[in-house]
Amino acid sequence: MELGRVVGTVVSTIKTAGLNSFKLLLVSPFAEDQGPAMEKPPFVAIDLAGAGEGEIVLVTSGSAARATPGSEGAPTDAAIVAVVDTVRLGERTLYAKS
Amino acid sequence: MELGRVVGTVVSTIKTAGLNSFKLLLVSPFAEDQGPAMEKPPFVAIDLAGAGEGEIVLVTSGSAARATPGSEGAPTDAAIVAVVDTVRLGERTLYAKS
Amino acid sequence: MELGRVVGTVVSTIKTAGLNSFKLLLVSPFAEDQGPAMEKPPFVAIDLAGAGEGEIVLVTSGSAARATPGSEGAPTDAAIVAVVDTVRLGERTLYAKS
Amino acid sequence: MELGRVVGTVVSTIKTAGLNSFKLLLVSPFAEDQGPAMEKPPFVAIDLAGAGEGEIVLVTSGSAARATPGSEGAPTDAAIVAVVDTVRLGERTLYAKS
Amino acid sequence: MELGRVVGTVVSTIKTAGLNSFKLLLVSPFAEDQGPAMEKPPFVAIDLAGAGEGEIVLVTSGSAARATPGSEGAPTDAAIVAVVDTVRLGERTLYAKS
């Protein structure tokens, strides 16, 4: 799974029925050092954890995004499955939810 | 899922039967700044949302592309599942369908 | 799905039974400008469309490669599912089969 | 599968139920030469092997992460499936667990 | 599928039961020109073809690695499914097993 930051939203009226009940969030890969050159572009995930903008989240990709009771019918390849409290790298705290 | 722009079409007479009923669209990864050097090449997706050329769309990849009633028999790894109205990055509107 | 050019063949005597009935083709990612530095190396796909060397083909990856009646038992992650006639990028014809 | 080193942990209170019983570990791709520029960022995997920080582990990705009796209900795309004892590259021992 | 060269082995005592009966081989992506800078690191695959060190093999990734009678219960995302005899690129022989 991938750590990401919720950075925005995507709105769509015309979509396949299986996406109707989901919030589509724009997620940017989490980098400790948010430098100007983010190499990987943001992507879109359905929200299964009630995530808010700016929060660090855990994103699951591929068929795993449909491996929850709420998302099994959704044609998505990415889902936010957790809101992250802390990320620790050895002794160091990379991120702590304020 | 990935944001992309419909940039063209692919036509094929000789193909496996499961692709017969689908329009094959050429999709370029969406980048806010459409600079000259697009690093990721365009790819091909089946259209499940009636997308038109130039529109920004949401593309789902992998087995998710077959997770809709219309596409379950199609041997595709990419499907356009939504036509995008707006993309917001924080307070900023990255894209709004005109 | 990905556009590719059939550039060669792979022959193997010792292989798992599920691959026995397939032709293994070497496919190079299609680039409009075939410069000297092809960044992505060629890969191997089973042929489900009777493709010939030099032809531009449509390759499906992942579990989709097994989503056809002919390939469902094959342990492959890539299959040629179409021989391409034309690729259009806006008004421009990127490729037309001669 | 990918060799990685367990470098940290991720804690989350708000998450989909399927992740509740798993330890979420931060894994960095294993490189023989741990230079300053690790190109690929760390990712998060559920632990199925009782791995400890600093250990070299084997990580399986995609639907394979759910192909064990313990993880079949978990919406994860990555799982630690082994703690590695030795990695040999030809005659050379790249890694040996101390 | 990907061409690779068997370059080593991985040994693990503590692993999920589904991996017990498999040899874990270290595979390096095959490049015609084995220059010093191999960009993609070696990965680990289960061996379904009796491959030996130094041989060029065909590796299948993702759920395809579990699409053989022998590997269906294994939590792996990569399997060696063939030992390669020859690789031809147009008229040129890129590799021939000696």
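We just call them A, B, C, D and E in the order they show up, numbering each chain from 1.
One rule holds for everything that comes next: a contact is a pair of C-beta atoms (placed from the backbone, for glycine too) under 8 Å apart; a residue touches a chain by one contact, two chains touch by 3 or more.
These numbers were taken from a predicted model, which means no experiment stands behind them.
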For this session: Measure off the straight-line distance from the CA centroid of subunit C to the CA centroid of subunit D, and report it in whole Å.
Result: 32
Exercise. Can you give the whole-Å distance between the Cα centres of subunit A and subunit B?
Worked result: 20
Exercise. Subunit A: which residues touch two or more other chains?
Worked result: 62-63, 65
Exercise. What kind of graph do the touching chains make: line, ring, star, complete, other?
Worked result: ring
For this session: With subunit D as the start and subunit E right after it, run through the chains round the ring.
Result: D, E, C, B, A
For this session: Mind listing the subunit D positions that touch subunit A in their complex?
Result: 7-19, 24, 26, 41-45, 53, 62-63, 65-66, 73-78
For this session: Under the touch definition given earlier, write down the residues of subunit C that touch subunit B in their complex.
Result: 1-3, 29-31, 48-50, 58, 60-65, 67-71, 79, 81-90, 94
